[in-house]
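For clarity, chains are labelled A, B, C, D, E and F in written order, and residue numbers in each chain start from 1.
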């Protein structure tokens, strides 16, 4: 029953997300030996002004 | 101090959310024996293109 | 597809969790009109030394 | 490697977020003795209709 | 900067986790075109008494 | 109503957590202009075998 929450910068296309969830699910099933129907992936599109590393917003980069 | 994070597909009306948080809070207090002021609920409206089950985006269904 | 993450202080018995997930799922289905099999609930048992309100750990209360 | 997820009501300006992540990162490094590059902060802007306390949406206040 | 939170049932060995994070990171970099150093994965080992589907704890299965 | 979820490696003492939540709450109130009672901080102690960067578990470092 792996459930993924994935935070990434906004801007990915639906096609990129489609390939991403397909590949991550296949990889997960291969490595953990679970069925694809047990894998849920929820993506959060994060604005660069909402993510900071080392005290600096990525929108300021 | 239960704190809920609830992910659901976007598209619920404010009236549905109002009924939902009222009902979930009442149920929680009844079952766990806590006061309503200790219950926080945060809802995330998730796009169907951001949720996948079995390697397939729900927007592709 | 509502997915719940519920953070509560550790110490609940399995019987309390059993009643809690049963009741929350039933309430959710009634209010949102979804099937029970679409409701996932994940509970995190949080130690009082890991939760603070107003700058004070609950283990110090 | 502290990673922060901070949920706050929407409406903060980028300048407020800039000051916030700078100050939180500095405070974290001082207290925990870690390097700033190890601190990640992800902010979620939450609508008032998506947050409830005591069974009541904040948008109804 | 994808950051993964993965919830799975407890019981995986360190070797399984090692293979899992290696494979997920490689897949992510291939599909999204990012560098491996930008991928963080945090695993939560969830007890079966803390996960419910359809109103039933998995420990009751 | 800022609510913090902070993931850090396990091993911090209660005294370090006490200083951490006190300092983070004070900083948050100064920068965002909110009252301390509106700040909740939940800490997750993460094992090094449950956190990976660049495809490598921190327990393997």
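Here is the rule we go by: contacts are C-beta pairs under 8 Å (C-beta built on N, C-alpha and C of every residue); 3 or more make two chains touch, one makes a residue touch a chain.
All values derive from a computational prediction rather than experimental measurement.
Path length between chain D and chain F in the chain contact graph, taken as the least number of steps between touching chains: 1. Superposition on CA atoms relates chain E and chain F by a rotation of 120 degrees, given as a multiple of 5. Chain A and chain C have CA centres that are 24 Å apart. Remark: chain A and chain E have CA centroids separated by 11 Å (rounded to whole angstrom).
Centres computed as Cα averages put chain C at a distance of 21 Å from chain E.
Chain contacts: chain A has residues 3, 7, 24, 40, 42, 44, 51, 53 touching two or more partner chains. If the chains shown are joined wherever they touch, the resulting network has some other arrangement, not a path, ring, star or complete graph. Every pair of chains in contact is given here: A-B, A-C, A-D, A-E, B-C, B-D, B-F, C-E, C-F, D-E, D-F, E-F. Within the complex, the chain F residues that touch chain C are 14, 17-18, 21-22, 24-26, 36-37, 39-45. Every residue of chain D that touches chain F in the complex is listed here, in rising order: 1-9, 12, 16, 19-20, 23-24, 27-28, 30-32, 51, 53, 58.
Only residues 3, 40, 42 of chain F touch chain B when the two sit together in their complex. Residues 7, 44, 46, 49-57, 59-60 of chain F are the ones that touch chain E when the two sit in their complex.
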